[in-house]
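All remarks here apply to the structure that follows.
Which chain is which? They are A, B and C, in the order written, and residues in each are numbered from 1.
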């Protein structure tokens, strides 16, 4: 599967990120091999979301090194973005636009064909709801739309922030299906690490911005 | 580290010495050497303060913008300081420009030099820009984000200077083709007047550089103190 | 290019569905013009059509502030910046789309305001040349929209953004308004020299070019964190 020369999917060395005077991530180091799934655990404010946002190239590291597939961030951020699928706390969709219109926007941003939109709607179980404004969907369905959005461009690295929150049983089954079918690496922040049994390859606990 | 510390005081001292010498020379020339202007009388001499101070202000803004652009490219926080300090000095020199300008406007009325309305309006626009720069800096918490926003705004300001000069001139006169200033002054000015002007300009710029070096050093010490206090207090 | 079109479509759809900006701008412009008209009683505006033209431009600038302050409100309130910024599309496309949309909103607003302006303030049967005024408005709107989109992105995450945006924008509005006013006023008959329309438009075009380049180049830095 992974030859010894292949770069790790994710590598952090002493990653530090501040918000003003407060240190959100303090010299965090981790490695995720290709195809592996890492769970991030820890209380609120531990830095899980910040870490995912740095990996999603939304935040720049203030110190230390971050590399995705061997590409250093932030220098090579543009090269890396097509390969990343990020699902944040919020589903990242416009409430007044329909589900389909939201996906059309992201399809254009990722340079993906429109037929893919129907595929991910199907994947997320939103087939009948494509024409509904995203703001009118329930929390769980909006969460599924967020996941669909992240899968549009068939990313190799998945970055998921609390993906199970708000999902009903059907939603959770679909999430499991997506993760099973996904052969790339994943970094998943969660308060329910036990639900990921069988899917996880490793765990990292964060506390106060440090790897515990 | 110690070697570079020894170098910096020397630069500030050298600049201060040069500024003092040039300023003394300029003052001597302004009050004793240059002939009295025929049309405006003795008090026309304020021109030798006003124009060099104004030009120095423009020079400071351009310098601030330049370092701002360098910050955006290199993300080196010391460049943020090196961009902020010239902008800050720009407030000081800018205020002096407006003060000397209005004094002069009171005295002079035959504008042989063409430094009338349009120049003051242009300068006012730039001065407002400078004030807005500081409002921006006060509205954002210190850090890389504030440095980035300040740098972007400083760079925008550099675009504003030519637009302001051209725009106000276009709007207030009918003459688009010949910008007022220096070519004509250089031709019309008597040799000794031009020389005095150049010395005064050199003095003002050197003074600005001296103040820049001193303020830069002071701010660096502030930053280091803050960092030491933070370490001593333990990081959050 | 596909990203730009999709982002522009998104901005226009948001306005169409949300109806937040354009109605507010139109109401503001109408209200301002009515206010001045009423404030004058039955009197003519001192300075006649020339002063009125200046007033129009002042109102235009303040109206554009309304539109710009609310830029990127949706992205901010629903955390959508993360979605846009983690996508591979050029960040400047976001700026270009927002500038284009703002330009269109300003145009729509002015299409409503101009007839009112004519009605309220047209005096002595004289008025600025409609062609000159329309051309000046178009170029000025473009400059305002482009610089405004950049500044709106900058203040998007700053606390005091409603106050800060007009403050940051104002120095840049001054040369624009100076030339635009002079140019439109000089097109009021009888014309005796004064600023030619072409020269004024030339300056506006220069203004637009400079801020097109700066906006396109600097937006990336403004949204990156």
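Everything below uses one rule, namely that contacts are C-beta pairs under 8 Å (C-beta built on N, C-alpha and C of every residue); 3 or more make two chains touch, one makes a residue touch a chain.
Just so you know, these numbers come straight off a predicted model, no measurement behind them.
Trainee: Spelling it out: a chain qualifies if it touches chain B and also touches chain C; which chains qualify?
Mentor: Both-contact set = A.
Trainee: Determine the chain that sits nearest the middle of the structure, using the mean of its CA atoms as its centre.
Mentor: C
Trainee: Does A-B or A-C have the larger number of C-beta pairs in contact?
Mentor: Most C-beta pairs in contact, of the two: A-C.
Trainee: Taking each chain's centre as the mean of its Cα atoms, which chain lies farthest from chain B?
Mentor: So the chain farthest away from chain B turns out to be A.
Trainee: How big is the gap, in whole Å, between where the Cα atoms of chain B centre and where those of chain C centre?
Mentor: 31
Trainee: Please report how many Å separate the Cα centroid of chain A from that of chain B, as a whole number.
Mentor: Comparing mean C-alpha positions, chain B is 49 Å from chain A.
Trainee: Please compute the C-alpha centroid of chain A, do the same for chain C, then give the distance between them in whole Å.
Mentor: Between these chains, centre-to-centre, one finds 39 Å.
Trainee: Please list all residues of chain C that touch 2 or more other chains.
Mentor: Only 224-225 qualify.
Trainee: Would you pull the chain C residues touching chain A in the complex into a rising list?
Mentor: 2-3, 5-7, 9-10, 13-14, 17-18, 74, 78-89, 224-225
Trainee: Please output the residues of chain B touching chain C within their complex, sorted ascending.
Mentor: Going by the criterion above, the answer is residues 72, 121, 125-126, 128-129, 132, 135-136, 139-140, 145, 148-149, 151-153, 155-156, 159-160, 163-164, 166-168, 170-172, 174, 176.
Trainee: With touch defined as at the start, can you tell me which chain C residues reach chain B in the complex?
Mentor: Listed in rising order, the residues are 147, 150, 154, 157-160, 164, 167-168, 170-172, 174-176, 178-179, 181-182, 193-195, 199-200, 203, 206-207, 210-211, 214, 218, 221-222, 224-225.
Trainee: Under the definition above, what is the set of chain B residues touching chain A in their complex?
Mentor: 141-144, 230, 235-236
Trainee: Name, in rising order, each residue of chain A that touches chain C in their complex.
Mentor: Residues 53, 56-60, 78, 81-82, 84, 86, 88-90, 92-97, 101, 104-111, 133, 149 of chain A touch chain C in their complex.
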